[in-house]
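Two complexes are shown next, each including chain A; its partner changes from chain B in the first to chain C in the second.
Moving on to the complex of A and B:
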């Protein structure tokens, strides 16, 4: 960051007009770049959509296999307007928020303990590895027998999905803080608290964040599977319902919403992650 | 000294699992917990023996593994081709990559209803779904590997006046090999998850997932636990096997970071 600040202040000062021209040139170049990017993006839909529209209009494929794109849009609009979609998405989002919150918090605590203490790691690691071998969706039938099909089941399955990658990355992140950094801290005669605050945490936060990002992805996969198997509301249920009624437009709408939510949440975490890792990138340059 | 330290950490590692199993056994026998929820360990063992002896378990496992392998082979094969195309062609990359990144955000199991509408509930649908699960990480990692190919290697290829095929065979593929192997490793893990998922939701034909679902419907906790134990063991062996192969194939790379 300081590097970039230095660079701009050291730029040769030219007259205001030239500077303005240069900036406006830069802005329009950036706009142009975005527009070309958008243009490239639109090529694929420009090829697929006409084929899809013509194909479904001529009845090449039955509606149960591929509905007309305008039908999908129509369903999307209807479900948005009636609030049905928001209601299902709300259920799903609340479940993910609770499950991910609990799983990630437990994962951070367990992972930090394992990373900081060799002894804790010795005790916990084998059991953790055993639990981690079975992916969260595969636990669902067992969890259904133990917990029924209520809200508890969903939270537990989602929390388990988030827990595993958070523990793995937190313990590895804390355990792998370079020896040299620790030695610097020792030279300064840091107390354990100072060591944690100034050496271990800054080094471990990027991998911990990567773990949280994986955790969220896994939580989403777990949410959809638990809603597919045992739910009467939520986006996963919408998929099952549409499938049973052979309403492909509903299935597609649910998939689109699942994809968009996944995309947005992952993007947000990715941006934060890059921000946290910036010092690393500067380090390399 | 170091071996006794290793033994010590091994001993510590056994404390929690053994303690848990003992509590389970005591709780189950003392009637503190309903036996239907927590059957005694020897019952689970007896069920395991029975299933093994009747050959049902092995048959189901073989069916699941065949599916898993078939889906993995098709999926990763398609993944390598698509990955090469996206990695080598700037046009394909610009046109497709953003859409592909959006598509991969759809949680894996959300594809099942659509795939079952298109392909039914039998073998074909399951293999297609497993193939999809395997293809995605292969494509992502191969594209990344090709993009990260060192400029110097490309220049060497240019000096040799390589043609396109030679470039792929002698420059890009070897350079991208470590990421490709990571992608294949992830593909193996996801393919096994997809196999179980497919068998849960498209419960037709033999398979470990089918056994677990049937056990749940009959409230047969022994069978469900046994099934999940098998799922975990296969996942563990596949993961370890893939790590071992990776180390053999690219010994120069340090331990891979998989999550």
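Moving on to the complex of A and C:
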């Protein structure tokens, strides 16, 4: 587009009326887009739920194995009312918060060091890769002997799960900031700190956030694994206990809550990410 | 033949600032394990306030030479100095505009230009004023808060020029700054650049492979020959400014330059004699 043409398309944004019209138009379009997206998201549940209802009504599976949806709902309501669910979820959330917080912070520091320094990368990567190859749940037996079965174990296992993807994406993101941008910083005599603050970090934010979101997902998976094996409270424990008692409604409630919390926390990270990257989502002419 | 003596013949009086001396500069790169000679024994003098164009086909090392002058490539043989001081690394006294605008996509136009002033010894207020003044200088008033992806190629390159100038360097290096633009925008920005050069009274060294651009803008056009890159001919252009593309003198020089480029291509041995100004 020529400068003159662009000027005429861009300039109206300076007037308030045109700006408002543009924004309101954008909002209604955005709402429509969101609704369409929601519609697509609901297709699968809309297929599965009737099958579930019909299946349980006709006794396709014994009730101990597949409870009726209304029973699950009933259990959910009971457990909410008694505070039992909140208590278990609280334990799990606290573990994920600590584990993810520690793992992500350590991951950001390690990943940044690896991305910024060739030497650190050379020294650290082989060991890191070896550690990363062993999934978090496989660390539980060893960690149990070292740390017992207290909170420390859970937090360490969760932290390890979050640590790995954060390191991988942070180091790759920082290492892949285009040389062209670094050179611009060099021509302005940027100090290392200025280079980090104004060039490297802004350029690496998208992959870093990808890493954080993966890290959070992995933290939840690790939480359930560790609570399954070594816990007497939490959502993972609720799963094991429910299965042992053949209270499948409890198992399903725990699964639903884990899914919902995981979904919501991922969304929160996504919103923060979008906020940090306003320059990306701004409308393209 | 005494190249240096000839190089000193410049068309413009020396202002004493932004002088550039390139002496016997050679540069090799290692490509796939084998050394490739990018520049061989290049010498060049640029007077303060002069507009010099480095012209040549791809592979003649003209961009490499510019990067050496900018201080972006630390290793080379020979010497380069600005106003008598040997170049070691980059300096706020030398601005550079690349072929791609290289604006930081996460920063607005004014933030991008302001980043150029991070290490300038100015008060915050003076920096703000400098940013605003340079936005005006390149004709981007009203776009200070726009992000790079909202700009056309021409506007982005204007912003890059403003960023290159914001430190008030005595020397501005331009590496094919209009190469990626459409013909119309390119022509307009060439005129703009002439205006800015006249206004700022600084030295400019522009790299291009566009003969029309070279003769329109340059006080002198240095034709480089490829493989290895070396100075092949120098044309002094004394046509008065502001210049018009259709000026008879310019058209004649343009044809001479084209012929020189053609000679260079046929004569692969690199024996093209350096001739005096046309």
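To be clear about the criterion, the second predicted complex is superposed on the first by the 214 of 285 C-alpha atoms of A that agree within 3 Å, B and C clash if a C-alpha of one lies under 4 Å from a C-alpha of the other, contacts with A are read in each partner's own complex, and residues count from 1 in each chain.
By our rule, a residue touches a chain if its C-beta (ideal position, glycine included) is under 8 Å from a C-beta of that chain, and two chains touch if they have at least 3 such contacts.
A quick note: this is a predicted structure, and the numbers were derived from the prediction, not measured.
One of chain B and chain C touches more residues of chain A, and that partner is B. When the two structures are aligned on the shared chain, A:188 is found in touch with chain C, with no touch to chain B. With both structures placed on the common chain, the touch criterion links A:199 to chain C but leaves chain B unconnected. Look at A:49: by the touch rule set out above, it reaches neither chain B nor chain C.
Using the contact criterion defined above for the overlaid structures, shared-chain residue A:240 touches chain B, although it does not reach chain C. Contacts of A:97 after superposition on the shared chain: neither chain B nor chain C is touched. Residue contacts after overlaying the shared chain place A:81 against neither chain B nor chain C. In the three-chain superposition model, chain A touches chain B and chain C at no common residue. Interface residues of chain B, counted against chain A in their complex, comprise 8-9, 12-17, 20, 37, 94-96, 98-99, 101-103, 105-114, 116-118, 193, 196-197, 200-201, 209, 212-213, 215-216, 219, 221, 224-225, 227-228, 231-233, 235-236, 239, 257, 259. Of all residues in chain A, those touching chain B in their complex are 37, 40-41, 43-44, 64-65, 118-119, 122-127, 130, 133-135, 137-142, 144-146, 165, 168-169, 172, 210-211, 214, 220-221, 223-225, 228-229, 235-236, 239-240, 242-243, 246, 248, 251-252, 254-255, 258-260, 262-263, 266. Listing the residues of chain C that touch chain A in their complex gives 70-72, 89-92, 94-96, 98, 100, 102, 104-108, 115-116, 118-119, 142-143, 146-147, 149-152, 154-155, 167, 182, 184-185, 188.
On chain A, the positions that touch chain C within their shared complex are 1-3, 6-7, 10-11, 14, 180-181, 183-184, 186-191, 194, 198-199, 202-203, 205, 277, 279-280, 282, 284-285.
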